[in-house]
Each structure stands twice: as structure tokens, then as C-alpha cells.
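Two complexes follow with chain A in common, the first pairing it with chain B and the second with chain C.
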Partner chain A sequence: MAVTETRSFEALTLGLGGEIFAIDANSVHEILDIVPQTEVPGAPPLVSHLINVRGKVVPLADLRIRFGMDRTPPTIDTRIVVVEIELDEEPTVVGLLADKVHEVTSISGASIEDTPDIGMRWNPDLIKGIGKRGDDFIVIPDIVRIFTTH
Partner chain B sequence: MRISIKAKIVAAFGTVILLSAATAGIALNGLSDLNEKIEKLVDVSAQRINVARQMPTLVYLIQREEKNFLLSSSEEDMERFDKGMLTRREELKGVLEQYRRVADADGIRKAAQVEALLTEFTNSQDKVRSIGRVHSNGKGAELLSGTGNDIVNAAQEALRPLLDRVENGSQASAEQVAIAHLVRRMTTDWMTARVVVRNALLVSDDASTESALKPLPDLLKRIAQQQEQIRALLTADDIRVFSTFLERYQAYLRTTDDVVALARKNTEVKALALSIGEVRASASKLGQAANELVSDAEKGMAADKHAAEATYAQIRTITISAVALALLVAIAAGAYIAISIARGLGKAVGLADAVAVGDLGRKVEVSSDDEIKDLVTALNSMTANLRATADVAEEISRGNLTVQARPLSDKDTLGMALETMLEKLRGVVTDALSASDNVAAGSQQLSASSEELSQGSTEQASAAEEASASMEEMAANIKQNAENATQTEKIARQSSKDAQASGEAVNKAVQAMQTIAEKISIVQEIARQTDLLALNAAVEAARAGEHGRGFAVVASEVRKLAERSQGAAAEISSLSAESTKIAQEAGQMLSRLVPDIRKTAELVEEISAACREQDIGAEQINQAIQQLDKVTQQNSSASEQMAATSEELSSMATQLQETISYFTVEEKATARAAVRTSSSHAASHTAPQAAPARPAPAARRPAAVITLSPKPAAKLNGKDRGVKIALEGGNGPDDVDARYTAF
Partner chain C sequence: MTGGDPGQIFREEAAELLADLEAALLHLEQNPTDREPLDTAFRALHTIKGSGSMFGFEAAASFTHHLESAFDRMRKGELTATPAMIGIALAAKDHIRILIDDPARADISAGDRILARLAEQSVSAAMSAPLRQEHDDAEGPATWRVRFRLAPDALERGTNPLLLLDELRGLGDAEIVALTDDVPPLEELEPTRCHIAWEVILTTTHPRSTIEDVFIFVIDETELTIDPVSVPVSAPVPTMASDQPAPPMPAAPDAVPHAKPSPPSKVDAGPEKGKAQAASNSIRVPAERLDDLMDQVGELVIAHARLKQLISDSVDLQIKSVTEEIERLSNGLRDITMGIRMVPVESLFGRFRRLVRDLSQELGKDVVLTMSGEETELDKTMIERLNDPLVHIIRNSLDHGLEPATERVAAGKPPQGRIHLSARHAGTRVLMTIRDDGRGLDRDRIRAKAEEQDLIPPGAKLSDAELFQLIFHPGFSTARTLTSVSGRGIGMDVVKRTVDGLRGTIDVSSTPGVGTEITLGLPLTLAIIDGLLVRVGQGRYVIPLFAVEECVELPPDVERRHASRNFLNIRGALVPFLRLRDSFGVRHPPDLYQKVVIISSGDKRVGLVVDQVLGDHQTVIKSMSKLHADVANFSGATILGDGSVALILDIAQIVAAGQIQEQRREAS
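Presenting the complex of A and B:
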């Protein structure tokens, strides 16, 4: 899959399973401390829980399941990042679990490369690209695809 | 001539007994005489009085019988009293006969007189008896009340039909009533006539009888007239009845005549007059004569009594004089015997008293020749023997033990004792002589020994003083130790307390650290929240695009600050955790330290106590040593005193030898005693020469010669204490020195 956009953008970096992921800051509503979660019986493992965000019921997604990572218990740095995404032409608010939220930073388009086909741990369909910041790699996930492909 | 006391006493008592027997004989003779007189008094005189006294009594009894005879109304009584009168007369005659038997001549004469009077009395009384026996009035009354009454009743019974028909029948005729009336009047008059006759019987003198009988003839005449009147009125039947009555009335008239005749006799009064007059006169004469007899008898008895009393007085006088004589003889003999015995015994007692108080030079003589003389002779020989024994004792008292004492017999305890005493005394004196020699030698040895003792005690005293000084120093050190221990103990105690306080402080510090850790976590939380807010702000700034650029920078800065504070807080937290751990360890160590310190304090305390006890012990030891010192000094002075005493003993032994030499045991002993006396004197004055002879203490120490000063007594009395030791040797080198080399 080729990179479709090369322009730079403001991204929120967060740690998940030892990797750093970057999410477009414009789609982020807010960042929350961990809150009480309600398990939904019969729901898919990706969004098995619901949370209450300022009176609205929001599904909580654990991206590690999608990326085949081990599930770890929440730490003091565990956060919930509330984002708004377009699903089926309809803006939907979803909570994402993150091991740690790093910072808001701008990622230049030049530093973004295509996802290599071989040697990747993850399904390349779910990744828009890999950014570089210093010596670290930053994974830019495709949120919509994560929720739409099964 | 020898007359023993026994013979004297027998003679005296024999005389007294004989005199007593004579007295008793006289008294017995008199008593038999007296007895005769009393017998006569009792048998004759008393009986005479007794018989004579019966006579007046009998006269009186006869008179009483006579009176009873006169007063009795029945024939029977009269017979009884009459017989009594005769019996009494016979009794009187019997009594008179009895009296005559016991009476003397005068009495018999008087009895004849009494008999004559009795005859006279009997004659006059017989008259009374004959008159009194008639008893006219009594007989009349008997006739009147007996036969008279029967006749009257029968006559009145005959009249009853005449009266009954008037009183019981209702249809009585006038004639019949008149008859009854007349009959009643007649019976009334009849009754009056009967009363008159009775009255005549009741009076006893002739005049009264006549006056009482005066109305009787008239009454009888009137009754006869009334009978005639009644007869005239009566019918034929009635006349038969009335004639029966008349027959009975005639019988009454006859009886009345008899009664009147009896009433006119009045025999009782006459007999009484005779009794009171003639008979009483003769009776009184008789009684007088009888009483005379009685008084005569009493007079005779009084005379006999006087005679008996005279006899008694005579016997008493004789008896009393005989007894007095016997008493006088007894007293005289007793006094003579008592005085002779007392005099002899008094002399013997005087001699015995003299012997008792030790006077043996007396001798007594008595004039009599009896048991007393035997006693005195025996006493004299006893005194002589005692004197011989006393002579032997006197020889011994002069110191002459060569005399010989011989006991008089095997029972002579005094002699044997004297002999034994002499033997013992010889032995004792010999022994005492040798003993005094020994004492003299021994006392000198004692003197030397006591001097040595004195020196030893002086050395002892100095050693004791040294020990005392050392002990005092030791005591001071111990005291210092005790004080130090006490101070250490105080410090240890304080340390224990401080350690405890430190432990508490550490605990507080630990608590404070924990509080800090809590507070730091708050800071961390705040920092985390701040970080989150800063992130959100950065997100907002990013969404604002170009406009939010500045805000993004601020947010980034805030976020950096928050991260720094978070880091610092984490660091503080870890530091505080570490400090807490260290502090806790320190606390534990301190708490382990506290008991150790406490134990140390206790041990130090024990050390302190031990030091104090040591102090006390040292003090006691010191005191004991001082006491020892004192005792040693006392010993020293005592040994000095002992030396003096032994000197004195030595001189006393000499004196004893001199004293004992007074006794002469045997002829050659005298010479020996003289030698001993001189040698003992020499020994006491020449002590230096005597010293080498005895086993002196100096002999045991060859290196030094100890020389006693010539006069130990003087030395001991002076201020010079202990023994003087001349190490150089006053007499120059001697045999012993030769054995050593001089440098």
C-alpha cells in the first residue's frame, strides 16, 4: 500500500506495546485518565467495553488486539484518547486505550515512508505509514481501517 | 555410913503412906458411926412420925363418915357410911397399937391417954348413930310420895265418872253440874291438905313442924262436910261410885296420920345437934392428943439429927488434922531429898561447865556418900585425863612434834585423833618444807618467763600498729572505689534513659518520613494531572492550527515543568523511603542497646554495693587490730605484774620456810632448817649467780646474751618497760662466744 499523503501534520504520539504510534491531533477530542469501563457481552474483542465521556456513551477500543500485541494491565500512565472518526460517512466518537501519551508534535511529510511489505510484525493494511523522529520510528495507524476491516 | 538416894526416897514415901493409911482408918471408923446414927434416924424416928401422922387423919376421916351418915337419905347409904365409920375406928386402933410398938415410955403413956379419949369419942358417936338411924322426915316423905300418891290417884280415879259426864255429855242436868262443882271444890281442898303435910315434912325443927300442921284439922273437917253435901245430891248409881271413893279416902287419912307422926319426930336435927356438940368436942380432944404424938415424934427426930451432925463434925476434924500431918511429913522429906540432890548435882554441873569452857584445873568434893559422890569422882578423873591430853596439845603448840600421844583406850577418839594429828602434822611439816623449797625455785623461773612474755607482747604491739596503718590505707582506697562505682552507676542510669529517649525520637522521625511520602504522592498526582492537562491543551492548540501555535508552546512548557516536578517527587519519594528504612534500623538498634545499658547500670550498682561492704569490713578489721593492740599492751603490763608477783611469791616462800622451821620434827631436822633459811636468803639477794643455774630463756639464743638486771622488782616498779637486752654482753666473751668468729 502506498502512501497517499506526504504533507506534514500535527500528531499526537502515544506508546502502545513498546511502539510509538501517532494519531492526527485534529481528530483527537481529549485525553482522559483511565475511567470505569463497562463490559458489553457478545461484543467483538476490539470494542468489548463502554465508557462514559461527559455523559455520552463511547465504545473503548484496545488497539493491541488489532496489532497482535499482548494485553497488559493498566499502569499509572495508561490513558484513554477520545477521537472522532468518519465511519460510513458518519462522525463517530471512539476511545482508544494507550499505554502512555507522549506529546503533540508535528510530523513532516518527508519523514514518512511507505510501509515495508516484508519484515513487519503487523498487518500492513492497518498502517498508513512509518514516520521518523530522531532515531525513533513512529507508526501511523489507519484508524478507520482498523474499525472497518475484520 | 552410906545411905543411897533410893533408900532416902523409900523411907520418906513409906512414912507418908503409913500416915495416909492411919487417916483413912480414922475416917472409916467415923463413917460407920455416922451410918448407925442415920439408920436409927431413918428406921425409928421417921416411922414414929409416919405412924403418929396417920392418927389425926383417921380421926378426921371418922368424922367425915359420920357427917355423910347423917346427910344420907337412903337406908342403904346409911348402912354403908355406918360400916365405914366402924372400919375407920378399927384402923385407928390398929395404928395406935403400931405406935405403941415403936414408941418410947413417954409415947406409950400418951398413947394410953389417946386410947381413953377414943373410947369417949366412940361412945358419944354411938348415940348419934342410934338417933340418926331413925331418919323420920325421910321416911315420912317416902311414905307420902310412894303409898300416899297411889291412894290419892286411885281415889281421884273413882271420882272420874261424876266429872266426865258433866264435861263430856252435852245433856248434863243441873244436879249433875252441881255435883261436879262440889267434887271439884273438895278435891282442891284435898290438894291443899296434901301440901300442908308436905311442908311439915320439909321443915326439921319441932316448932316449925307444929305451925305448918296447924291448918290441917280444919281442912280435913271441911272435906268431910263437902262429902256429906255431895252424898245428899247423888243418885243410887252415883252413891256406889262415891262410896268406892270414900273407902279410898279413908285409906289416905290413915297414911296421913302416919306421916304426921313421923314429921313430929324430927330425928335428923337432933342427931345433927349431938354430932356438932358433944361428938365434935371429943373428936377435937382426940385430934389434939394425936397431934401431940406427932410433935413428940418430930422432936425426937430433930434430936437424932443433931447427934448425927455432931458425929460428922468430929470425924471431919480428925481426918483433916491427919491429912495435914501427912502433908507436912511429905513436904519435909521431899525438900530434904531435893536439896541434897540439887546441891551435889550443882557441884557436878559447875565442874562440867568449867570443863565445857576449857577450865581443866578444878576439882570438887562432896560430903555425902551416895550416887552424887560417884558422879563427882567420875567427873574428877575425866578432868584429870583431859588435862593430860591438853598437856600433849600444849607441847605440840610450842612446835615440839617429838612428843608422843597415847590413847587411853581403843574408844578414846580424842587421844587417837591427837596421835593421828601428830603423825600427820609431822608429815605435813616435812612436805611443806620441801614444797616451799620448790616454790622458791619455781617463782624465780616464773619471773624470767614473764619478762620474756613482756618483750614478746611489745613486739606484737608494734606489728599490730603497722597492720593497722596498712589497713587504714586499704580502707581509704576501698572508699574511693565505692564512690567511683556510685558515680558510674549514676552515669549508666542516665545513658539508659537517654537511649530510650533517642529510640522514641527515631520512631517519631520514621513517622514524619512516612507523612512526607504520603504528601509527595499528592505532589506526584498533581504533576500527573498537570501533565494530562498540558497534553489536552497541546491537543487543543494543535487543532487550533496556526492560532494555537503560542498556546502550544506554553502547553509544552507546562508539560515539561510537570514532568520535572514528577521526577523530583519520585526522587524525594525514593529518598524518603530509604531514610525511613535507615531510621527504622537505627530505632531497632537503639532498642537493643537500652537493655544492655540497663544491665551495665545494674552491674555497676552491684560493684558499688560490694565496695561499700568491703569498706565496712575493712573498718571492722581495723578495729579488731586496734583491739588486738590494746590486748597486747594489757598482756605486757600483766606480764610485768606477774613478774612482780613471782618476786613476792619467792619472798613469801622464804617466809614460809622460816615459819615452818618453828616445828621440831626430829633432832637433826633442826639443823637442816637453819641451813635452808640462810641459803634462801642468799638466793634472793644474789640473783645473777642463781640465774645461770636455772634454765634461762637466753640459753636458747646463743647469738645474744640476755642479762637480767640485778633487781627485777625495782625494774618492774619503775618506768622501764619490757626487757633490757644487752647485745654486747656485759660479762665479756664466754664459752659460747668462742664458737663464733668475730669481725
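Presenting the complex of A and C:
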């Protein structure tokens, strides 16, 4: 089930398949322009490519695959957000493909609502909650689950 | 991160000392009369005790104290180093290790039992010991003139002369005079150096060796003379004048403390000095720092490759010459860095002396372990990871390979079994061989077992090498009875996996009745490999060069018979080949002339069809993240000159895939 995330946090908001996603700004290492990507034959579609981030080989994840979004070709706004997540208690650096990076903003806990069980296009397990900023809804994805569940 | 924890520093130091201790004990067991291992063992114990209590490892220190006392008595000849004594000492060493590494886990009663056995042995061993020392002691008090001058940097190294003097005082009546002749004028005086020498007139019942023992830890750097003073002097001796170039004269015990002493003799600055110098020139560095250094150098190599590619079109000769200069420097830096990480395999082989000793006792087999090529160097990480696989192999040799003495004699072999470890360089690889002169692998049993487990079809034709590879299959063990040593069916598959993980190879050869030989082929380092860069579709891949045998063109007639018969005729031998474009699901149309890279693993060969061979490429290996742990065919990744990522092929997996194809052919 979706976990309720009620505390406030600093978030980096990014555009993905027409939605706005918020990820914990503390986990973000850097934001890169699009770089050459190397396909890994036989890898799961979510992490089908590798990139070079300052001499480190880092998997590049396309979250749109997990949310069933169209994979549109990269545009001038496309960025790679390099984040560090804990996988099996091991810090792992992953690049996340984003259609556009918006801003760093603070999302107050009060504005975050539980993920509705129905009326959602996506698997609710992959989402921690829905935040609101002005009239916009912001999706707070559960990055670790996105990588650990299949 | 661990650098700041003194406890951790002690643990590391103790681990080395315990290894020295073990080596000395095993040496002593072979040569019970040798003095040197006895001294080494004693020094190691003394240091563990001293540093242990300094860093709060009280239990370890007090336990070690008992063992140290026993060794002290052995050095004095009061005890002999009997095999039983060595056995106890080895057990005690293991107990000390636990006390230091994990005091909470230590079994106090086990420690007490060891001490009880030690005490028991001390009594019986003492009776058989020669009594020559008694004679020394019986002489009654003697007077010695002890002069010593510490190395100038002794204070910086933590030597405290006051403690040495206190220890001398503890031996008997001591009169101590400081020799200040070498103290320079104030403006030249370096306060951190030791400019003072000492003369001690000591009247004691202890023998000369006890006085020498006071200096045991500083003996290499210290000028020390110990002369007997013929008559126990008690008469006052006149004070010498300062400017008098007097020869060393018997100074009286009651000489006035501020007397100007005679100039210290320098005759004893022997060849030991050079040795001490060499020892102090090495430093201890945490392994992680070397890893970081290697990472940085790796980045430098990659950055340079990019630079080289960028300026390849440039006509600016100055920039080109600077780039070449950087290439020379970064290559040099890479070689040196890799060299730093190299350690002789002796540090690995040495550990197995104990293993073989203990196992041969447990199994009641007389086994001798011999070694050659211990000086061959390998990456330190590799040495650490090879420990477990080698333990498994050696255990198997002892347990299954070597026959009991009676069986050996019946077969016309010497009763004592032999295991030989050797290491040598072969190109860019190191070959490590474990050879025994036992009964050899039982082909029929392996075959029967493999058929029983459905690993091979009944009656399948297999070469010896193929048959022997089956022993590395998980769950495969031909041991009829389980022993505590081996036969649980785990082990050899672990060996295989570990060696594969190191990008190594395993070859087994065995002759019935003569013995078995297992050879591990290992890369020199884990960090860098020489690879062949190839292109498949639009992707570029690195094939480890050690596995590449040759490159040939794919004959057009083979090309046309697509997918039906994937075999090449290489000088009469049928070699299966894989189209990497099929394996990798490449949709890009193939090049007109396809190339085949023939690779080998063990005695198996497989051809890999690629679009283009781009050339050789020295590359820094980067491991893949957890997210790609399940991906087959690749052992890692690397970064190319243009900054993009290329994948490194996993030879073992790909050859296995090729073999499946061959088996299908044979089945059809």
C-alpha cells in the first residue's frame, strides 16, 4: 500500500509525460544535459541504458516506462537528474530521465494527500502521495520501490 | 575512515604479528633448535602484549602474557619447543586472535584450558630441557658496564629511554651516568633528537642475555656494549677531567652523577644500521586509499584518451607534444599505482602451512606442503579473494586426493603425501597451480555421478577437461562418505564462481594414480584489462584480450546459411559461433563483411560474429550497479576515449552459451 508521507520536504520538481513529479532534493547529486547513452542488451527496460557521469558508469532510468507513459524523443529541455538511492542498504547512483526540470521547492506535509486507491492510472504502490502546489498536483514517486518491485 | 581508530590500528598490527607468530611457530616445529623463529615469536608476543594493554585489549594482553613467559623460558633454554608445545602455542595464537578481533565471542573457558595445557607442558618440557642456564645463574652477582646510545630519532619513534633505564634498575644495583658529550651547542640543538648516551654499571645475578633483552626492541638502532667488569668494584674512582681523551675506564658505581664521562665509543655502528633504515622507509597505508588512488588514475587515463581523440585532428604541434607528455606521465603513474597494490603471493601461500598441518593431523595423513614462485606478485584485492577458493582446493586434495600412507606404499609411492603450490607469470596473467601426488580424479565416478544428476546424457562422449569441469557444478561431490573436511558438495562451485568473478580461469588435469593438478589463470590486476574493441550494430563492446585467439572473416557461404549451421571450420576444427547481433537483439542492418573473433576459455573455443574489429584498447574496469546484476553476458563496463560507456563481455558466460549450441548440434 501507499505510504503516507506527511512531513514537509525540499523537492526538485520535474516534468515527466505531462505530469509534475517531485523528488527529494537531498538525494539529487546533479542535473546533466543529455549525454551519449549505451544500451545494455538484456537489461530490464527501466534501466536499459548506461551513461558516464564523471568517470562513473551509472544506469539511466526512464521512469515513464513504469508509469506507462509514452516515450517521446528527447527535446532541448530533456535533462538527466542524477540521484543517489538506497538499494538493499547499498547507496546506488542512478540517472533519471526528465522531460524538463522545473525548480527546487518546499512541499509542506499538510498539502500531501494519500494516494487515492481508485481513479488512478498508475500502480499506487509506486507513489508515496500526491502533493498540491497552487492548482497543480504534484506526484511524489517512491523511487526505491520503482526500482525494487517488478 | 578507519584511520583514526587506534583500536583498529592495533587490530591490523596484531593481525600481522599473529601471522608472523604462526609462521615462526611452524618453522620452529620443523627446526626445533633454531634460535631465530623463537626470537621472532617472542618479539611478536611481547609487542601484542604491550600494545594490547596500551589500547585496552586487557584480556588479550593478559592471556598473551602467559604464552610470552613460556617463550621467554624457551629462549633461555629452560623449556624445549616440543611439538606438543607448538600445538598449544598455535591454539593459543588462534585464541589471541579471537580475543582481539571479537572479545565478546571469546570463550573464556577455552582460553583457560589452553593455559592449563601450557602450564602442564611447561612442567614436563622443563624436565627434558638442558640445564645449562642454571650454571649461569649459579655464578652469583656479576658487574657489567652497559653503554648504550639510541638512534637520533628514537624519541620521535616513541622509544622512552627512561623505561629502559628503569628496566635495568629492576635487574639489580645500577648506577646510571648520562653521557652528554654529543650534545651540540644550544643554537644547533634539535630538541626532538636524542643526544644523550648512557652508561650503567649494573651489579646483578641475571645473565648477560637478560640485559640484552632489555634492548630487544631497539637493538637494531642502538649502539650497545655490555662488558663485564672484572672485579665487582666498590672503590671510588676519581672523576675524569672533561678534556681528557680517556679510553673507556671502569667507572665506579658511586661516581658522582654530574661527572664528565668518557667519550662514547662509536665502534658498534655496525651493518645493522642499513637494515633499520630500510625498514623505517616503508609506510602503512589503508587499502581504501590505494583504491581511491587507482580510481583517480583510472579517470586520468580515460581523460587522457579523450584529450588524445580531441586533438587528433589538430595541427598544433605544441598541443600534440604536451598531450604526448601527458600520455607518458599518466602511463607511468598508472604502472606505479598498480605496482603499489601488488603483493607477493607468499602472503597467501604462507597461510596454508597451518591449514595443511592441522588437516593432516586431523585426517591422520602425513603430508608435506612445498611451494615455489612465492615472490610472484598479484593485486592485493585478488590475493584476499583467492584465499577461500584455495582453501577449498587444498582441502579437497588432502581429503580426497592424497591416499592414506598404507595405500600409498602399496601403490609404490613414498608414504608422505605431497602438495605443491606454485605461481608464475604467463604473459599478462599469473598461473597458480595446486598439485598433489594423490590418486587422481576418478573419471568413472565423476561420470556416474553426473549422469545420476542429469548433468550429462548417459554415454555422452566427453574429453577429460570437459569431464573434470563437472566437478565445479553446484551440488556435485563424489565423496562417498562425508567428513568434517569436505564432501558436503559445496566448495568447488564456490571456487569456480569466485575465480570467474576475478576474470580467472580454472584448468584441471589429472592422471590416475599419479595426482591432480589444478591451475588458476588470473589477471594481474582487477582494475585494468587489455581488451579488443569491437562494434556490433551501433554498440561498441570490449572483449578481454587474454581470451582472444584470432580474428577471421566470416565466409560469405556460411553467412548465407543463416542460423541453421553456426559452425566454422578453423584449420580442420569445428568451432561453434554466436552472432552477437542476435544475442544482443540488434536491429541495425549487418555490415557487408562480418568478422569473427575466436575466443577461448579452458580448451573450449567459440567464435563471436561482430560487424567490425576496432582495435585494442586498454581499459579501466567499472563494475555495473546492482540494477544490472542479473544481466547476462557482461562482466563490467568501461569508458571509452570519447566518454561513452562500453560493455565488457563475460567470456565464461558466452563460451558456455556457445557450448549449449554445440550440444544441440551433437544431439541432432
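Some notes on this structure:
Rule of thumb we're sticking to: the second predicted complex is superposed on the first by the 145 of 150 C-alpha atoms of A that agree within 3 Å, B and C clash if a C-alpha of one lies under 4 Å from a C-alpha of the other, contacts with A are read in each partner's own complex, and residues count from 1 in each chain.
As a convention for this text, a residue touches a chain if its C-beta (ideal position, glycine included) is under 8 Å from a C-beta of that chain, and two chains touch if they have at least 3 such contacts.
Note that the coordinates shown come from a computational prediction; the quantities given were computed from them, not determined experimentally.
Three-chain overlay on chain A, with chain B and chain C fitting side by side and no clash.
Of the two partner chains placed by the overlay, only chain C lies in contact with A:92; chain B stays clear of it.
Using the contact criterion defined above for the overlaid structures, shared-chain residue A:76 touches chain B, although it does not reach chain C.
Judged by the touch definition given at the top, the superposed model places A:104 against chain B, while chain C stays out of reach.
With both structures placed on the common chain, the touch criterion links A:40 to chain C but leaves chain B unconnected. More chain A residues lie in contact with C than with the other chain of the pair chain B and chain C. In the superposed model, A:31 makes contact with chain B only, not with chain C.
In the superposition on chain A, no contact is made by A:135 with either chain B or chain C. In the superposition on chain A, contact of A:12 is made with chain B only, not with chain C. Shortest separation of chain B and chain C in the overlay equals 20 Å (C-alpha atoms, whole Å).
Residues of chain B touching chain A in their complex: 528, 532, 535-536, 538-539, 541-543, 545, 552, 555-556, 559. Put simply, chain A touches chain C in their complex at residues 35-36, 38-44, 47, 50-52, 55-59, 61, 87-88, 90, 92-94, 147. In the complex of the two chains, the chain C residues touching chain A come out as 295, 298-299, 302-303, 539, 583-586, 622-628, 630-634, 637-639, 642-647.
Against chain B, the residues of chain A that register as touching in their complex are 10, 12, 25-26, 28, 30-31, 33, 76, 79, 101, 103-104.
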